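Next come two complexes built around chain A: one with chain B, the other with chain C.
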Partner chain A sequence: MKNNKTKDFIIWTILAIVLGLFCSFVFLPMLDVNPITAVSIMFKDTFSDTFTIGNIFIKTAPLILTGLAFAFTYKANLYNIGAQGQFYTGCICASAASLALGGKLPGVLVILIAMICSMLGGAMVGFIIGFLKARFNANEFLISMMSTYVITFMMQLLLRTVLQESKHEYLKTDYLDSSTWLPKIIPGTSVSFGIVIAVIAAVGCWFLLYKTSIGYRIRVTGMNQEAARMSGINPKNQYMIAFAISGAIAGLAGLVEVNGMQHMLLTGFDTDIGSYGIGIAILANAHPLGVIPAALLFGFLQVGGTVLGHASDAPASVIDLMQGFVMLFVLMSFFFRRKIELRRLKQQKIAGEEAV
Partner chain B sequence: MSNIINLLTRAFFMSTPLILGALGEVIAERTGMMVTAVEGIFLIGAWGGFIGAYLSGNLVIGFLVAMICGILVAMLYGVTTVYMNQHQIVMGTAIAILTTGFCTFFYRVIFGVQTTPLKVETLPVIAIPFLSEIPIIGPIVFSQNIVTYLTYLLVPVIFYVLFKTSLGLTLRSCGESPEAADAAGINVRQVRFLAVAVAGCLGGVAGAYYSLCNVGMYTSEIISGRGWIAFGICFLGNWNPVGALTFGIVFGISDAIGVYVKALGLAGLPSELFSALPYFLVIVLTVCRKQLKVPEKLGVNYIKEN
Partner chain C sequence: MGTPAIELKNITKRFAKVLANDNVSMTIGEGEVVALLGENGAGKSTIMKILYGLYHATSGKIFIDGQEKVITNPKEAMSLGISMIQQHFSLVPAHTVTENIILGNCKGKIDYKAKEKEVQELADYYHFDVPAGEYVKNLTVGTQQKVEILKALYLKARILIMDEPTAVLTPQESETLMQFIRDYVAKGNSVVFITHKMKEVIEVSDRIIVMRNGRVCGQIEKDEVATIDEATLAYKMIGHDLDELQMPGEEDYSKRKKRVVVEHVSIQPKDQVALLSDISFDIHEGEVFGFAGVSGNGQQELCEALYGARKLTSGKIMLDEEDISTLSVKERIKRGMGYVASDRYRYGMVADMSLSENMLLKASYLSRWIKHGIINWKKVDEDTETAIKDYTIKAPDHMISAGSLSGGNQQKVVVAREVDMGDSMIIFDQPTRGLDLGAINYVHKTILREKEQGKSILLVSTELSEIFSLSDRIAVLYKGKIMGIYKNTELTTEKIGLLMAGVDEKEEKHHEK
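Here is the complex of A and B:
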């Protein structure tokens, strides 16, 4: 029975993804781009050389983490739509730590410190949101949404003042010392250790949620708050724990992006990584391990879209179009899958009654 | 003194779209539907309004196109949440991503690549005779554009409809107790769907306000979270049109202060903190303010049992 369900889920999701991509390519002729050529460019050129394939993994690493951040709170029936802000907090902490200590301490040690800083920073923001929810019953998604904007402006302020590059020309930091860069793991590409961190985080989340008592409490709170309270679990504590962990994961994405990819902090980068995370978590049905293939898909769409933009007249906005349509159809597929499942159950029941 | 008057005039000017969006949100949320697609609705309103106005050369047509675009996006949201029972917050995010891509893509399709941004004339200010000559209040309140005046008229109208008519009772019952409303013969899903469409209509106009009244052009960053502020205003205003008006003005003021401080360009002043003020204010006010009139079934989809 359970296998059947998983099979249904995969079939329907793939169907939805194909339909979503189809819908976005239908519009391409308006810009004199042949959709069929576009598809072949996207698949052929993206997988033609290792460097471009590597780019997919680079894009995927932070996406896995922001996807996990949303999925984690989702399990507690909470909505952390402020992963963007926690991601930026992680970026600020990671770059500040790496700039301050880079070159003075061994690189590995600096990376470890930056990692802890970024996670603590993100966890702090998450914890505040969870605390406001628990203590004042404030609406968590409104607050988390707003926190993103506050943090974005904070980041601009910091980049204009204390963190600004020594030339004081642009709103960005100096390059990080190369000893603090995450090591590259595949030669010939720029794939960094970040993808490994992301996959470990996904497995860790899965373990935490399904194999430990902390995860059990969080999931019970998510499924039925009253039942959780009756059995001695304080839902309010779970809010704070879930939000803090979720924030820490999003903060870690900041480290992966800053130390692994950008090697500096600048304004207005990855402005949608938080909302993509939500899409990825939904695509994965909020399962921590499912987040990995879902993030790979989004990573592929982003790299493929960029490749397409270079090779033809298709604009970069087609990436958002693809991601939006895919999300929309995946959500719709949930409805149809549920409907079919219900019909099947009904038929089974009727068959059962007839047998009696 | 004239500085303060200018600032407040600007504040009232900037509060209009927030109030409009929040009013739509109030109507929808009273029926139990959080229109989390509000950010997307604002964006497509700004986009549709600009395109309509630019191609026709007529601002009225621009606003009509914005309304239609807003309604269409709201209907997409309505179909998936009301009739297909998908989660409201998640759906809102999906629609936000989709509209971002859609607007940028079709702006390119329609106008191609432009080196300088295309512009339209912004909506003119109509100074109401006599009233606009009252000292202080005159220039602030009675020298605004027509959309602002209509928004202020809409507040008592919506208040009356929501709380004094049977239509209002129908709307509110769908948010408080959909089962009871259903038993009383109200088609809960239909009511919710239509309420979302109304919110989309108002949100579309609110979005067009940014492109047609504020800057006279369209960029993809034109909304940048203001839809979410309208969403927050609805919460802070206790799901009441008058509350939406009050908090709309508060946020208009904080928005105007942010723009003003940035324009001053004083090096020592952290202008970013002032720009963050409206967003920070939502957090503080959400925490401080007791929310008394939360519609009972807000955000909960109604699934009829057979």
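Here is the complex of A and C:
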């Protein structure tokens, strides 16, 4: 039965993605773009050279992490809408640590410290949200969302003051010392070690959720809080733990972006990474390993959309159109899948009753 | 009396596998108050919800004024003059009384002034102190109930069904309600009163229908109502299939060591009635201590207090000579307490998780299956497979989700786990509720087997036969108090019936004089 479920999920999701893409291409003629050429451009140009293919992985790495962040709290039946803020916190911590220590200590060590800092920073923000939820029964949805605004402005403040570049011209930091950059792993592209970190994080999340007692308790709390309470598991503690871990994962995305891609911190970058994470997690049905292909798809759509924009007259917003349609269809597929599952259960039950 | 206003004939209602109503027939006459008496889950609400069109009978017929009718939804019921007041009100708090009452019954442009006047007149006619222009959220629960009743009256209901109407009311509010019921039936209408409180039944009803296990098991006619006493009613409600009991042996446990000692335990929420007051008892090694009583008299609170899920206001709980009164559930699990909760679906299992995951539920802090925080799933799976075999749980494997099993098999999973976890003491709260005979038998055997191993067992049940056939000593709970602790052989059905109705022995003797 479990196999049936997974099979259903994969088939329906792929179907939904294809339909979603198809629908978004139907709109292209309105923008005077021939959909068939658009498709061929998107696939041909994206996969024509290693550099562009590499870009997909670059885009994918942080998306995996923010997707994981949402998926993780989702398992505790909580909603972390604030991955964006935790991501920025991670960025701030990673860049601050790298700027302070870069060049003074061996690069690997600095990266490790920056990594720990970014995760701790994100975890702290997450923990506060979880704490407010546990202590005051605050709505975690709203708090996590609002925390993003607070942190965004705090980042602005820091970029105007202590973290601002030596020239004091723009709202950005100095370039990080090149020893603190994440090493490139594919020659001829800018793909950094970040993608490896992201994949390891996904596997780690899966292990944590399904193989350890910490994850087990989080899942029990998410599925039946009352039963958890009756089993000696304090749901409030689980809120805080789940949110802290979720925040740490989102914070790690900050390191991947700052030390792996931007090599500095600047204002207003990757503003959608948190919300994409939510979409990715939903696409993956909140399964940590499912987040990897889902993030790859989003990464591909972003790169493909940019390529399309360059090669034709299609505006850049076409990417959003495609992502929107894919999400819409995936959500609809949930509904159909549920219906099919219910029908199957009913048939099983009838069969069972007749057997009695 | 001529044709009764309503006649239900041979109504049977089946929910998936549960038989909620089994061949129920009853009549409701004009100008009559009929009380439907029975324990929780006896099928009282179900039969009335069928009449109101909320549920559809699996088989059976409904006659209104002698004509057969098919009622498919509440709207149709209302057009036939039948209205039901649910236990939980269906009012919009942010709307006024008038708006709530005309909701769904008005079209086009609304003349609020005229409507408000109309509603106020209706309220005054029935001597209801209800301000028609006030917002519902500002009203007391008692007044809100009146609004619910007005809603029905506004639609010209002539048969009013009330589901546990006094459950939320103060004594004074109940009194006004009774007054209204008398007024209302005096005008030729009928009232059906669903309740498990015996006192008010005797007070207001013309006729009493007693239900048990989905069947009508007794009727008290008009002329008998005045003379009947609570004990007889309780006896009827709980059942008299107590003859075929196999009492446990008359072993004297007093010489064996006391494993569980409960001293003066009280739970008193602020500004409310005490849930438990001054509970003291002890359970010896290898003893089954039974708690009898009509459900809702503090049984669940007592179990939760013992298990650490509820804070005590005062008192002490000892397990194997250790004071555990302030320990958390987690700590009590570590000390070998097991708890089969009465509502397994809510407290005892995670429906969407596999059987293995459910077996692990209470052990997430124990080292049995977990080393350094990593779960040894292989071992959990093996142990689950063993439990499936030992308890003959009908499940294909350990991977299937607990929710997809039948109720009896779910309970077996829970029992298997708790018996396993509870090395020193196991609490069984209504362990056989809703199970089929085979599963009941199995649970009973398990309880006796664990007793043999020297565990202390606390058994809560509303089934007297279960209490009698398993317990060594029996206590009766009534309104959070222990009415007395007796050896199994000391009690007769009459005596326990009286105790369950809250009639004290001394009082009883007093009456006899």
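Convention: the second predicted complex is superposed on the first by the 346 of 356 C-alpha atoms of A that agree within 3 Å, B and C clash if a C-alpha of one lies under 4 Å from a C-alpha of the other, contacts with A are read in each partner's own complex, and residues count from 1 in each chain.
Operating definition for what follows: a residue touches a chain if its C-beta (ideal position, glycine included) is under 8 Å from a C-beta of that chain, and two chains touch if they have at least 3 such contacts.
Just so you know, these numbers come straight off a predicted model, no measurement behind them.
More residues of chain A lie in touch with B than with the remaining chain of the pair chain B and chain C. Once chain A of one complex is fitted onto chain A of the other, the partner contacts of A:Ile81 are limited to chain B, with no touch recorded for chain C.
In the superposed model, A:Thr212 lies in contact with chain C only, and not with chain B. In the superposition on chain A, A:Leu31 makes contact with chain B only, while chain C stays out of contact range.
Once the two complexes are overlaid on the shared chain, A:Tyr276 sits against chain B while remaining clear of chain C.
Using the contact criterion defined above for the overlaid structures, shared-chain residue A:Met230 touches chain C, although it does not reach chain B.
Of the two partner chains placed by the overlay, only chain C lies in contact with A:Val220; chain B stays clear of it.
Of the two partner chains placed by superposition, A:Glu341 touches none, neither chain B nor chain C.
Look at A:Ile319: by the touch rule set out above, it reaches chain B but stays clear of chain C. Contact residues on chain C toward chain A in their complex (touch as defined above): 16-17, 307, 309, 328-333, 339, 341, 346-353, 357, 360-362, 364-365, 370, 373-375, 377, 399-400, 404. Contacts from chain B toward chain A in the complex involve residues 76, 80, 84-86, 89-91, 93-102, 104-106, 108-109, 225, 228, 231-232, 235, 270, 272-273, 275-276, 279-280, 282-283, 286-287.
Per the touch definition, chain A reaches chain B in the complex via residues 24, 27, 30-31, 79, 81, 132, 136, 138-139, 141-143, 145-150, 152-154, 156-157, 160-161, 272, 275-276, 278-279, 282, 315, 317-325, 327-328, 331-332, 334-335, 338.
Per the touch definition, chain A reaches chain C in the complex via residues 1-2, 211-214, 216-217, 219-220, 223-224, 226-227, 229-234, 345, 348-349, 353.
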